[in-house]
């Protein structure tokens, strides 16, 4: 189902922006896994709102309460459920847009799909970016598990509004904020320490797995692995990464245009990908729309508190999505004979 | 599992390049669906090799044999299995590369994952582009079903090696072929006639669904929807597609930067996406590699018949992948109350 | 995953007996479905402890809190999560049995599977019968949805300890209780109002679906449909239910040995099945066991509050399991073209 | 989907009785697994028709052709597809019953579900017992894999028509055959060599897994584990299997009323279950039915070749179903940290 991700490390995200709570229910975390709660909180804090001048002023502690699955600080093998209560909600802020879809938001198709009267529109309902908080719980736990395998996942802002220099980014953000507008950006992610052979052919390759997780983040409109769209302009002789023996006798590639993935499987080189984020659709400027109930044009000025650039807070979310995808692929590989001790696959008799 | 795609229209692709056959087993095609076999064959022929001077000389009729699921020209409700026999195989061609992974191919991670001795390396085994033929069977059937809903899926080459002009593309291909090299490209796809509200939130949005299918095509390294990576440089006020009333009272957007998708769901506007194909890794030039068994450097000149530009034959494959994703989303929407007759969703009582 | 049931109406049950909460997260409930909360509570109350002299004295209000998925009293289309806080827990009661598995309980295999130190053993952890409360939330909602289709699910006690007469059952229970022992029983269930054609061939037939749900109830050791084990002694000429035309022109069978299922699909006749419950393993008598940590024999007298006959409280739980299975099959049939308005399947063109 | 079974060892069965072929596509068999083809054929021969005087005279070699997934006699990691061509089919035999459902068969609900005109009715279509042949391919391979773990699966006839003595069974079969009738029976199955801790809580316990597979066999109407329905008449003090230390220090239970399963997980004791088979619905006697197209009563005498007692040939089919369930649970346990070398689960850090 659509709110569920993963084959072995499998979780379901629930909640709406203004429901009593948001949360996640995780199955498949091995019993006896230790979760460092302080570390998890620190990770969640990187995503939380109210951190800087370019992020929404909404204040939420984002402290998860673990309802099940733990025995002290260790997982007990039962499904792990963690929730975050929604506290600072002002539902009244949204009444005016019940029948008028905000451009760039999920409102219009949600009206069709869930019904004009029944969909939960307050704060974007289930489509709110706030739902990335439970994704960060699942991802934050996955990151800790991957750490035990020596695997790291690091994302960073590659560009905002086409700018890559941090001074110019700052200037751009000031300008955008002052204009009541918003701006998009690109986040890139590097995963290191991966053994070769993770991921599965065809529809469960590392690209498929990571793409499915990454497009679960609101505002992501594109993804590319390694040199991605750049490879479309390259020749085979340029793009092929030739194999060589590393100093430790390990097989490596001289270059890494493939972003560490061949045939959907990891090569043992760093796995790299980039995701494109569209500008936040919530802007202060009045926009043209339609009153869907009364079938007539309507103007709309979005009220409330919003980020002029969601990319700033999305960095840990990309890490979370990637970590969930990689950890799940790793457990799936274990089911297929991968031995974490030796770092290789058990071969048939 | 990794060779299986779809929630309701669910199929498993099997076979290796030099196994007795390749094929597909499809569950979830409604009973009584008529398949126009001549039309399906014409679709498969668009992908088949041996069609032009820039495609591999390997000759395969690619005529599917339907083993089950049909009652005359109608589906009977049982799983539909179709196979294509592999005939023109010359396995001897591949012996020399048993332990030496070809750069850019799946060989190396496949050696680790499946075992140096047991993996089927002839012709690329299960990672061969030949496996896109059964994907085209599943997709060709999906296209016919979508046609019954008034939905069309059309892909075309957007660029090859960065060139968009067809004369310059021809020149480039000549040059690449003469050099024993290969070249990448971009295919764009437009899906029209979609109702609003298809696709599901979070991990089963249209982007997630199409991306999972598209990355199942060998050589795809990136995907973007609507303005994709371009939105990362845009402001919200530019990128937001404002709503308006069409001449027929239908709600539309003035622009379509979103590529027909908001919140993972269709808006009713054309769904557009682009996929980046890396250059075919098989090139005539000798390349550096490693003998994995004996852990020493080895040079490799790839023999056999290969396409200098896979993009030419990949156009129907992209259509097939998109059609499977869209048709499956449509059947999932029917399970969620979508009524194809009225084009809208049944609302709860 | 193991705590998840259903294809379309899909839910995950979480919690342990002495965790902060137990609950359920439901995906696939159509948006706009009205839930009658009073009716749901009345259904949950039938399962709740503390109701009679033969049931455990543990007092829990079993009042679900809905954290997500609702918009007033209607479902909004987002995953619906409901939890029940565990309040009357006395974890100290269970310390003595940390390493000593209780006969008939899940303790021993759980020690092996989840680890002697990490499994949550308090109150039976995730294996506690208390986890049937969230199953009753999912089932109670399914019952209300089925009601809208004119489908009813009714279970009743067929026998306890082999006795079918209610006076003798009462006497037996007195005797068993006085002896500090427990007793098993059989519950039968009848589902009426079903259209013909629900359920799917082979592994998703109505038997497979209901069996998977029913064996999710602790203590169920057998299930039979229609005449079940009795058919093994019958001849085809006796067991075959011949077809006839009912007074309203509807096609019926004269008898119903098949329990309303042929080839895994409903026939339109009442669907009947029976489940065997073993006696509650918790008994007051001292029992022989083993200290698994120290590998030596150990005697065990189970403390705490337990039902001498779980069958009394299991009736609504059987209804809940059956309702989930039937409702999910119904939604799956809608995905396959079943039209609830006409009560028949849409046929292909 | 309904023709697919398994979580890790996952297979889809396809075909109809009179389609060109029947077969199975298996994903998740570890690469490098050796399949002893002679042993597999010997297993399939146990199920094949034409073996004795009480089984159908239809002659089919039932020799599978492996289309994919193999590299010599080893699996290569790609999906394994095997088919059996249908040769001795006489479709004309079935024309007379196109609109007249045979009592006890799937015909009537299949007419409703798949359409009077489009369902494949020849030979029972996809509901034919012939589809147990591909189940035996999947099961026969699973049996060989389990053998490598020291796990054996053995089924036997417990009773036919209530008789347990083989002389009386023979007499009964003669009588039934002479009368043109059929008779049911019970098959019991014992699985030995299992480690403790296999199977998962709630909906993926060993009972749930085996029941889902077993009800995939046509004619199965009931299943019970250990003492099954018998436990409903027992007291806890009788039914509980107390723990003790075996001579080798292994923890065992003195009795095995639980049939080797507690909380859905294996205890390490033999896993036992019994399945009830209804009498074959195909009998020579004329039976009353209805012409569904013309809505009028119709008499029906079933022609063709049929078994008076399917139980005789169903023994290997029960073994196949059980082997698939157990092998899949074993691979799932490996994904959850089970180490086949040590026979125990890896514990968290």
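Letters are used for the chains, namely A, B, C and D, taken in the order the chains are written, and counting of residues starts over at 1 for each.
The rule we apply is simple: contacts are C-beta pairs under 8 Å (C-beta built on N, C-alpha and C of every residue); 3 or more make two chains touch, one makes a residue touch a chain.
Model, not experiment: these values are computed from the prediction.
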Which chains are shared contacts of chain C and chain D? A, B
If you tally C-beta contacts across B-C and across A-C, the winner is A-C
Chain whose mean Cα position lies farthest from chain C: B
From the C-alpha centre of chain B to that of chain C, how far is it in Å? 43
Chain A-chain C separation of Cα centroids, rounded to whole Å: 37
Junction residues of chain C - those touching two or more other chains: 1-4, 13, 28, 31-32, 74-75, 78, 110, 113-115, 117-118, 126, 201, 336, 345, 347-348
Complex contact set, residues of chain D against chain B: 1-4, 10, 12-16, 19-23, 25, 27-28, 31-32, 65-71, 74-81, 83, 110, 113-115, 117-120, 125-126
Interface with chain B, chain C side, in the complex: residues 8, 28, 30-34, 74-75, 78, 148, 201, 331-332, 334-337, 345-349
Touching residues on chain A, where the partner in the complex is chain B: 1-5, 13, 101, 103-110, 112-115, 117-118, 126-127, 131, 159-162, 176, 179, 181-186, 195-197, 199-205, 207-208, 211-213, 215-216, 218, 220-245, 249, 251, 253-254, 257-259, 262-268, 276-283, 285, 287-290, 292, 295-297, 333, 336, 344-345, 347-348
